[in-house]
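When the chains are written out, they are named A, B, C and D in that same order, and each has its own residue count from 1.
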Amino acid sequence: MQIKKSLIAEHNDLNCSEHQRRFEWASTRIANCDSIVARVAAFQITIPSWALGTGGTRFGRFAGSGEPRTLLEKIDDVGLLHAINRSCGSISLHIPWDSVDDAYSVRTRASSHGLQFDAVNSNTFQDQPSQPLSYKFGSLSHVDKAVRNQAVEHNIETIRQGELVGSKALTLWLSDGSCFPGQIDFRRSFERTLESMKQIYRALPADWKMYIEYKAFEPNMYSMTVGDWGYSHMFASKLGKQALTLVDLGHHLPSANIEQIVAILMMEGKLAGFHFNDSKYGDDDLTVGSINPYQLFLVFCELVRGMDEQKMDHARDLGWMIDASHNVKDPLEDLLQSVEAIQIAYTQALIVDSQALFQAQEASDPVAAQEVLQAAFRTDVRPIVAEARRRAGGALRPIEFFRSMNVRANLIGERGSLTRSTGL
Amino acid sequence: MQIKKSLIAEHNDLNCSEHQRRFEWASTRIANCDSIVARVAAFQITIPSWALGTGGTRFGRFAGSGEPRTLLEKIDDVGLLHAINRSCGSISLHIPWDSVDDAYSVRTRASSHGLQFDAVNSNTFQDQPSQPLSYKFGSLSHVDKAVRNQAVEHNIETIRQGELVGSKALTLWLSDGSCFPGQIDFRRSFERTLESMKQIYRALPADWKMYIEYKAFEPNMYSMTVGDWGYSHMFASKLGKQALTLVDLGHHLPSANIEQIVAILMMEGKLAGFHFNDSKYGDDDLTVGSINPYQLFLVFCELVRGMDEQKMDHARDLGWMIDASHNVKDPLEDLLQSVEAIQIAYTQALIVDSQALFQAQEASDPVAAQEVLQAAFRTDVRPIVAEARRRAGGALRPIEFFRSMNVRANLIGERGSLTRSTGL
Amino acid sequence: MQIKKSLIAEHNDLNCSEHQRRFEWASTRIANCDSIVARVAAFQITIPSWALGTGGTRFGRFAGSGEPRTLLEKIDDVGLLHAINRSCGSISLHIPWDSVDDAYSVRTRASSHGLQFDAVNSNTFQDQPSQPLSYKFGSLSHVDKAVRNQAVEHNIETIRQGELVGSKALTLWLSDGSCFPGQIDFRRSFERTLESMKQIYRALPADWKMYIEYKAFEPNMYSMTVGDWGYSHMFASKLGKQALTLVDLGHHLPSANIEQIVAILMMEGKLAGFHFNDSKYGDDDLTVGSINPYQLFLVFCELVRGMDEQKMDHARDLGWMIDASHNVKDPLEDLLQSVEAIQIAYTQALIVDSQALFQAQEASDPVAAQEVLQAAFRTDVRPIVAEARRRAGGALRPIEFFRSMNVRANLIGERGSLTRSTGL
Amino acid sequence: MQIKKSLIAEHNDLNCSEHQRRFEWASTRIANCDSIVARVAAFQITIPSWALGTGGTRFGRFAGSGEPRTLLEKIDDVGLLHAINRSCGSISLHIPWDSVDDAYSVRTRASSHGLQFDAVNSNTFQDQPSQPLSYKFGSLSHVDKAVRNQAVEHNIETIRQGELVGSKALTLWLSDGSCFPGQIDFRRSFERTLESMKQIYRALPADWKMYIEYKAFEPNMYSMTVGDWGYSHMFASKLGKQALTLVDLGHHLPSANIEQIVAILMMEGKLAGFHFNDSKYGDDDLTVGSINPYQLFLVFCELVRGMDEQKMDHARDLGWMIDASHNVKDPLEDLLQSVEAIQIAYTQALIVDSQALFQAQEASDPVAAQEVLQAAFRTDVRPIVAEARRRAGGALRPIEFFRSMNVRANLIGERGSLTRSTGL
């Protein structure tokens, strides 16, 4: 299904007068409104290919319908999102689920939607049918060198496939670890993992980055080899400049202060970027901003400040991706809500009065600091985000537009109702 | 594969002299040793039919081999465990995974192993292929009465199947809840659930019990309709005497004091029994006693004391079941370890000097209370548990025996390596 | 220090034109704006007498200055807050810290500020110098009947003092519990506590309520006798209609779904009211709304819906109190921020489109439900809250006004810098 | 109060025959029993000076009696413990609570008990009466350089005092952090802290170590500048070889895998040592081994393995200290229980069959690995620990001996009942 520009224009016309009033009001209240609109419009969020299908839990999966059946259809779905909100300008592939057999078609299809290819993801947390050796007891950390080699080779192949489409980063999420005390030797596992990572790092093109994601638990339930930011940072430091730490909002122990981790990693020049989602208990992979939008805002405050202090380009210099699981929502609607939540948090962070905040900090005045932060957070920035979309050619109200176009019904018509897009 | 008694006898002969020395030593140190051995021998732990296969997580499943393909083979596996440790004398069925099509064969096969049928479990957390309506948005709590009716009917059918094999209890674990704020109306969900439960309760035979299990989170990641013991107890109280609360060790928020919940539920006569497992983060479903054996001991201290004060029969008056997921261990070995851990904790609880503990409590003397509890916990009770097994005809060293018999290799020989026993 | 009305008028004049524009804008966007303003103005939050001084932790306390030295000065401080925001119309006393020796003076002073007396709090978690028996090992649950009697008597005396000033409720927060496994017998502790509570309940005047607060941990670090809402509700049910459960936002295990607890307690007619604060790790007692304002909003959604369905008066039929500890902020500024956060959450809950939410719930449409809730939460309701203050005679910008008046400096001038108001 | 050797001899005579039987039994079952006894006897645990008095919470403190009033009396109390169990051979001072005014007396008194001085602790988390500037908003991280200088000076003074008594390490526990979002700039706080630490590091004698302790939360309730092992390790790496990370068992987020942290820090040669205690919820500071003794054992498995692989001296090359708070137990009894729990865990770790464990790990056999670990943990090693005490001249049953000697009553006689030893 292609979204015609004229349909978006119609939708916007319908909502225009109300939007205009709201945006005008906002622009009289927010300084540098136009420049903020421009920054929000430039800010693009990557959609991972596996987020386009209905997810599940170990207790089962309630299938959705009309989901993409091939990589090209996944690209179409991201293209569809991008047509609606003009903020999903790239896709992240997962190898082998998205094997790039015909790079020309894949790149052409992406170009037709104005999409780029963000980091490629390797998969050594599952066994594939054709695979000689099992990852049941680890991949890069496995006691058996043959298994480690197989995992290293897979990562190198993933880089190769990424090169075919123009990716510039490899994301390494390892499920390696243990379910029981005594199962592994922590130190040897670390050292074997490092050795394997070094082999992959050597195969990394000079203009690529290697993102090392950490996670506290699941699927291993006793220990994870890259269990927190400290381990990830240790690996990244030992590897070299191209290796960086990737933060996923759902990969921490309860109550962790994620914004502090972000600030310190940025200070060290070692933050790769973000996997956005939200959670209440563990790696719940819920819609971004659906549980604790203030935390998301605080994270963006650190990101914006950290990038500004290091003269980084907000839109390009870090990796921004959604990594959620859509178990009870339509995946595309869920992604539209997530992107909007990110944009709102980013906008709120942009309008923080940083001078006033700095003064409050220098004066050890937590009351004033809170006033400054909450003044930004309590501001209704939806008109700014909507205007950014409008100026870029997107729809003023993405969810309403999506529903009014009967997008899902159309996709079911095209693809059928018995589809399954995820490799999970 | 049948375990011949002569093989167990051979194994025991081999280990006899060392065991004899250890047991004699223990019996000089522990009062009423023979009576304790007898109680441990009488204590039987139910094996759920779904625990006989390799489990997985939402990230995948690393298959095991030689797993039971049918209900009869599942019964055989429990029979095998029971032959080895003489402590797995019953099985718990899960409908529809274990549909009892031919009750005579099923009962005959169980009898041939000396097995009984414990509580039957209904399943309204997954959709079955043939099922008209989906449980994606709930079952007993669903907004649509037709879905609720379907779920009620399934539970009544589950009771009927349980009656065919001689079960005396229905276990109700609901995954009903919500993934997002606003998704459901908490109060109406509760009331609809209660109404549905009442219908099931009315269909319950007079000599049956209804176990209401609670769980804090997963698979729903924002709210669970039966989210903690308070909700479960409220449902059970409103339903009547046959309704009781079932405790699963892994179904709590972090750091919950489970032993206190057990004590208070027993005080009220409202504890149904236990689902044993262990966990570090969430419902990790690890081998019983593999993470925090002291907590398991403390739970058993409350159970033993509560049962004794109410003159209950330890072996019969509460439901004892393992509910774990075997992702990286051989399921049968895992179950042997779990049963042994339960027996050890039970034995330690039996040898607590309750008079001394009572005195310490009356004297507000936590130092002395700790000395009493830890004196029991630090005692090596393995010889007692081994002796209980031996007297009942089981093997002195279950894991060693299992491995020496090449049980898994035999099962693979019989059943093949591409098997899958769980419905998950 | 008295806040002259003319000073507030001056402050409001200064900020009037900007406020007027903002409020007019809001009133064009929000339906029934005037009725909402009226409800917000009517909504009063109780200030506990112990929140007027600087708090601390077990590691120490960094004293503040100019804090109230007597009950009359505490009443003055609440009066000061009420003069500024017109929303702190009552005070909650803590016996024996606020012993009412001269009821006439106390009531007269309160009246002069337009203040009422909310629930009185008893204290059996500390030993007082004059007290014959110690609460080190419990109060209402103590093994020694003499200690229990002393604690019961203290509660009855607390009721008596509450009657002197016109309170209508007793808040019972027990720290009873244990620090170590085995220290107490859970069941007997529960039963002794219940017996003690019954004695207090019998002494309760017919038009009083008894609020039973629960807490998961601290100061006891292994078990708490009233450890969660389930225990509190069990006590309250056994006591009778006047006994209700009090919820403190910081008294739960990590990740607890508090809004669900609130909904179910309201369904049962058993919610007493709220102790507001915010927290990241445990009972951190931080400024309301400073860590997770969305959770606060969700709680208010349940409160508003629950009260409306039972035709309750928002302002009067439940108890609303702040219970925070001000370790690094000026206590009065902290309270002004907390009250504003509560008002904002309440206002946002009032503007939720409940019809649309109901439809989304009936349609099992979590996307739509989230849109409805977040539409309310993302609305900038500050102008409504400010207008409610203005109409009631309060200051448009409380913190700014407080600072511009040099309130703290004045209080230090009056009271000195070496003051200490809390009994903690 | 001095413990005469003859009294210990009497006590041991009384318990000798039973002990002898138990130890003989153990020595037939445990390989290299004598060498293990020798290692346990050599293993000494430091007692911090502040652990000799009754602790409390922010809700109050229930005083104990007969507590040491001066540094010399604190040394006497540790001497008393050491006389009883021969395993508390050093004391750790806290400056300024234990200011060493008269080094000769202090050293002489310690020598008379056979005690040494372990790491000294600085205190910049509290304000002292004489102190010009406040640490309310931080110490080494404070925005004001004058405050940082004061904190640096205090640490240098602490080193100086440590030198007077022969200490060889400085323990730096910082409570620096923030209670509210926005209160501090994470990056600048880190950098200022590092700068301050560098000044202290430069003042460190060449044969000293600097221990950097981390803590997730409390007393700051939003962020801690040294919040986890990752931050501590980052500081220690930037400082140099003498700086190491100190692990306190209670300073983590819920469910953290502490044993993995220990293993990786040892791998890097960056583990300073341990502060032992136990906890269920947060930094509960309960008796070591009272909540989760299996976790303690797993930590010791990593410690023993790590030290052996690096040819370290178990008794000397890492710092071993108890850091608990005794709120409801007699502090000396609590410490005796804690020391015994540490010794038991250490002994259990020593008897792990490391060859078998290694083989299980190399074979990816978690069942076997668990059998190996639990075989050690389930062994009753109390006779070995008792024998180690006996050979070193201590009492077979410390708590029994302590009570039979009426130690506390004697101390109350000497010191009075209204004493307070802690600076908290």
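The criterion applied here is as follows: a residue touches a chain if its C-beta (ideal position, glycine included) is under 8 Å from a C-beta of that chain, and two chains touch if they have at least 3 such contacts.
What you see is a predicted model; the values in this text were computed from it and never measured.
S.K.: Look at all chain centres (mean of CA atoms) and spot the one farthest from the centre of subunit C.
M.R.: Using the mean of the C-alpha atoms as each chain's centre, the farthest one from subunit C is B.
S.K.: Weigh B-D against A-D on C-beta contact pairs and write down the one with more.
M.R.: Answer by contact count: A-D.
S.K.: Go ahead and note the Å separation of the Cα centroids belonging to subunit B and subunit D.
M.R.: Spacing between the chain centres: roughly 39 Å.
S.K.: Suppose each chain is reduced to the average of its Cα coordinates; what separation in Å results between subunit A and subunit D?
M.R.: Centres of subunit A and subunit D (C-alpha means) sit 43 Å apart.
S.K.: Two or more other chains in contact with one residue: find those residues in subunit B.
M.R.: 136-137, 179-181, 183, 216-217, 222, 254-255, 257, 280-281, 287, 290-291, 294, 328-329, 366, 370
S.K.: Under the definition above, what is the set of subunit B residues touching subunit C in their complex?
M.R.: Touch list, subunit B to subunit C: 136-138, 142-143, 178-188, 190-191, 216-217, 222-223, 227-231, 233-234, 252-257, 259-260, 263-264, 266-268, 294, 298, 301-302, 306, 309, 357-358, 360-364, 366, 369-370, 372-373.
S.K.: Once bound in the complex, which stretches of subunit A touch subunit B?
M.R.: These residues of subunit A touch subunit B: 55-60, 62, 125-127, 134-137, 175, 179-181, 183, 216-219, 221-222, 254, 279-282, 284-287, 290-291, 325, 327-329, 424.
S.K.: Note which residues of subunit A are touching subunit C in the complex, please.
M.R.: Listed in rising order, the residues are 22, 25, 29, 254-255, 257, 280-281, 287, 289-295, 328-330, 333-334, 337, 344, 366-367, 370-371, 374, 377-380, 382, 399.
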